[in-house]
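Here chain A shows up in two complexes: once beside chain B, once beside chain C.
Here is the complex of A and B:
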């Protein structure tokens, strides 16, 4: 994709971002005025009208849209109605947690998928392959929220091995190594849930591409050369299998983000996903737009990275 | 002691719906530094054999027999022990294809990795060795960092070669090194292989369709068909004088082996044959009942040659011994044919060359039993030549120079063709009609009522000669004597008739004595050539040998006179 195509895609996403929240029934102040449940801040009709006018929500849609765009150009993501703070600042404070989830889950699902995928491919049609295949397919078919809840019930609530919610123990005052340990301890279950459900796709892809690759002429050449088994498998076969995998992983990133939203909510993990749910609940348009924008932007960036990485991995398209 | 000895190797593929016997009963040996060519059509098992020697056949394949290399049996070794032989001692130049090299690894890495693995080279040593190898195969060093898709076919062939030679193997298997290369690249690769083999002294097994390449690079030759060795021997002798009908077919089908000859493939496709008989029998011109019921074994003949054929190779159809014919003219004796020995084998075209008055036609008429020889013996299919043998079906038929006098102009077309069938009492009335129509179709003449009722004098020279051929073909001859059959025709009719006749000969598999004074025609049509002068045979041999390396002075003169224009 050219830079121009990326730009067009971004513009479409921005537009959808803007209109989508506004298509939901209700407005921010209606919710703030009572139905949210937890917040009992009440607004009178006058106050509501005042705020609507104050935030410019009484203006025509087109005007609001252009104000939003020009704000973005200045790097201004808007002001959260609910948190009464800069959207950019709120998002920035939550991003690290989501980033931790996504990278850790991508890493572990890749590790698991590649390892089991190659294991199956080397033993294609043998019982080891069949058992692995069955287990992986079962795990990847369980919806991530169900798997999350199961993990919570068994390992957190039941066995008490992991905390039930959050990203760190509140008010513990941990620093340094103790803090890191605490963070990892909290992240463990959500990451496992995400990784397990994501590994299936990678496993199938690796298993299939490797099976195709094993029948290629160059694999016979490698075997004829009397190379070590490790070199044949990992240097000659797996490097070729990496090509479709890169595409797959980045294409999956959108799905991964969806999974993160669910998982963060189950484990009450303070990332963007949890923030998004809160923002949807209170119809905080600027915050929602901000979160969508960041997510869309990161997915697009990942695609761009994939293009570049593919070029690096596959010499055949380097010249194009 | 041979470096490589293959003993009764059998390979069966199980991946298909029904198992395929890819190789059966393959035995041969190869001394250190020796060269062996393996030829055969696609699917004859050549590549399987190479992969078998490398131990590269996968687990869907069952392998039986022995491959003994330098005293150890390789097939029974496990994968780890086999790795010690692979590439370091036995290496292979794989058949050039787009995916034969790993697309994501560069040239340097792929050439270098066996050096790292087997010789433990590192860094500078490794780089020097890689450079040295690239120089050796004539590939510029800049290509080191290139990826396979950036290379041309010729360069890829060089990389494959450099890779195979990396650890200085004692035995090199080379699979189709010249296919898909342009003529210049092809020549360079052949010269390279020749030079490297001499320099390094490795033993070489060369698998190729390219007979010219095999002829140049190997001393011994195996011919494979349907997974079996059908013929084996010294390359030079085997290609000059093939014993198996299949080998002869392969030679006839090779454009680069003798470029002037017309190209004719072996009719039919290899179908694996029936398991009970000779696999080649369905396509063989001389197959008998016996060929379809018993598998021929490879028999040792004199001179170290081997052939697997129930008939002992291409059979001799007609044998002439010491035949002479003298005429008395006034008081002088003219020795028209002087003590001639010759052999015509099944399915071959023997070109008889000679100037006017050399005795060619006399010989043809003796063989056609028109005149009697004054001395000598002629046997046809092992029996003395007589009318009974020649007249009947699968006998001898003669087509003569002048179609106007060889066919009575008062006959109608239908009558001309019916006559031999009626005389020999062949078939019923319908059968005869069918044969007449078939013969006319074969020579591309019309066969409607109108044409059958035309008188021969109404036909043109070309049509009458076709009719003469059709008359010979209705009797389905085993031997056709064609005496200057096109000399009275214009070039276009001549070309049409000759292509037709050679095509029919290739398809039906009859033998032909092709008598002509035209070297150009003989060079296109004949498998073997005999040169005749003053009633004697001066020289005989395969067409490619006679036309490229004539021995006799007269032949040289003849060639020089005929092909003067080609050298200017």
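Here is the complex of A and C:
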């Protein structure tokens, strides 16, 4: 995709975000009836006034739209009445946890996918390949929240090896190394759930592209030169299979963010996904929209960067 | 319709792997559960019929939840929700996406380019957050949830159909039909769509599976239809029960809906993989 198309995509997302509260039938802020299991939320007159002023609902639509965009440019995401704080500030305080989830899961799913994918490719059609393939397919077909619940039940509730919820032990007063250990301990299960479900796509890609590469002439040449097996595998074969991975990892990023939202909710992990569910629960619309924008914007930016990186890495498509 | 490419049921069964066959049997069993829910259950699925949080036993096959509602009844009726969501989304997105893809490829030009850009845009959108926001604003009843799911799944069949039509429209008999004055609509509905029906039908299995997972994910996050309890919503209620892991309740209240949902999704996946391979060997390779 070109930069222009990314820009269009962003504008579509912003426009959806702008119109949603305004297209709700009737008065949006009186209409928020509670549903079964959800807290009933009524807005006070003061809150209503704030919302009407914030969304500028009494102004013409074009002016509202313009004000909305210029507000975003200034980093104004609105005010959360439930938390009584700026949406941007609330989001900023939660972002580190989500970033930890995304980067750790991306790293480990890559590691697992590359390792198992090359293992399978080098033993193609042998029983090791078939067993690995089957296991990976099963794991990648289980939705991440079902896998997460399974891990939680078995390893946290059943065996008691991991904490049940949260990102740190509350009121522990840990510092330094103990704190790091505590954070890693809490992050372990959610990251494993995410990595296992995300590794499948990477595994299949590595397995397929390595199989094609292993049949190429330059592999035979490398063997004929008498290079060691390790050098052939890692320098020649694996290196050439890396390029499509860049695209794959970023294409998966949208799905990864969805997975993080679910996993954070299973493990009550205090990131943006958990916050999003809390916002849904108390019907805090400005907060919900703010989180949505931040997530969508990050995914788009990452995709754009990956596109640029790909062009840099692969000179063949640089002209396009 | 007598089509050369439609294989007989027996032949498909023979070409399937054992995983695909098991998947198909489980799927049929779950569909039967959904259809015959009223005959398979002896307790109501929406009101209390026993002590709260009773373990599985003679009175309640799979136990009860915190309000004393029979879990087996909830799971049987919940299967209906998954079925409606899966089938509804797959049919609407498959038919809609398929037709859009066919027209775009057949007409080419600006329409086609616009469509391809639109599909690119759908690909990079983080679908779950968008669905959460849409469901939160539109209200989470079954109809809205299916609409949101269709909005996010038409692009897959559209892309498949576009690729197929692009290669098919250069075939001799299609060109011939055009020379003899066949209109675009005639060629699309008489030649292209029947020929490509098996491929779209198979991709619908994947759509159904995706829709079922997405619905249960939304329900799990508290955005399910409160009037029809889906499996995801049961899981949501169980997980929101504070301290459920310190009690034995999760052993049935959380476990059984989890088990049925996992069974459904995995059998759909195996069946889908098998049928994809049978319908179009080239497509399976690219997976």
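Keep in mind that, in the parts below, the second predicted complex is superposed on the first by the 265 of 320 C-alpha atoms of A that agree within 3 Å, B and C clash if a C-alpha of one lies under 4 Å from a C-alpha of the other, contacts with A are read in each partner's own complex, and residues count from 1 in each chain.
One rule holds for everything that comes next: a contact is a pair of C-beta atoms (placed from the backbone, for glycine too) under 8 Å apart; a residue touches a chain by one contact, two chains touch by 3 or more.
Bear in mind the structure is a predicted one, so any value in this text is a computation, not a measurement.
Peer 1: Fit or clash for chain B plus chain C once both are placed on chain A?
Peer 2: fit
Peer 1: Give one of first, second, both or neither to describe whether A:225 is in contact with chain B, with chain C, with both, or with none.
Peer 2: The first partner, chain B, only.
Peer 1: Could you work out the angle between chain B and chain C as seen from chain A, using CA centres and rounding to the nearest 10 degrees?
Peer 2: For this superposed arrangement the angle is about 80 degrees.
Peer 1: Does chain B (first) or chain C (second) touch A:262, or do both, or does neither?
Peer 2: It touches chain C, and chain B stays clear.
Peer 1: In the superposed model, which partner reaches more residues of chain A, chain B or chain C?
Peer 2: Partner touching more chain A residues in the overlay: C.
Peer 1: Quick one: is A:138 in contact with chain B, with chain C, with both, or with neither? Answer first, second, both or neither.
Peer 2: In the superposed model, A:138 contacts chain C only, not chain B.
Peer 1: One more residue to check, A:123. First (chain B), second (chain C), both or neither?
Peer 2: Touch status of A:123: no partner.
Peer 1: Which of the two partners, first being chain B and second being chain C, lies in contact with A:299: first, second, both, or neither?
Peer 2: After superposition on chain A, A:299 lies in contact with chain C alone.
Peer 1: Once both complexes sit on top of each other, what is the least C-alpha distance from chain B to chain C, rounded to whole angstrom?
Peer 2: Scanning every C-alpha pair, the shortest chain B to chain C distance is 18 Å.
Peer 1: Does any part of chain A touch chain B in one structure and chain C in the other, and if so which residues?
Peer 2: none
Peer 1: Contact residues on chain A for chain B in the complex?
Peer 2: Contact set of chain A toward chain B: 216-218, 220-228, 231, 235-236, 239-240, 243, 313-316.
Peer 1: Name, in rising order, each residue of chain B that touches chain A in their complex.
Peer 2: 51, 54, 56, 82-88, 91-92, 94, 97, 99-106, 113-114, 117-118, 147, 149-150, 163
Peer 1: Within their complex, state which residues of chain C touch chain A.
Peer 2: Result: residues 117, 120-121, 123-130, 132-134, 136-140, 213, 216-217, 220-223, 226-227, 233, 235-237, 239-240, 245, 250, 254-255, 258, 261-262, 265-266, 269-270, 273, 287 of chain C touch chain A.
Peer 1: Flag every residue of chain A that touches chain C in the complex, lowest number first.
Peer 2: Result: residues 1, 5-6, 8-9, 12-13, 16-17, 20-21, 23-24, 35-38, 137-138, 141-143, 145-146, 149-150, 152-153, 156-157, 164, 204, 251, 253-255, 257-259, 261-262, 265-266, 276-277, 280-281, 283, 285, 288-289, 291-292, 295-296, 299-300, 303 of chain A touch chain C.
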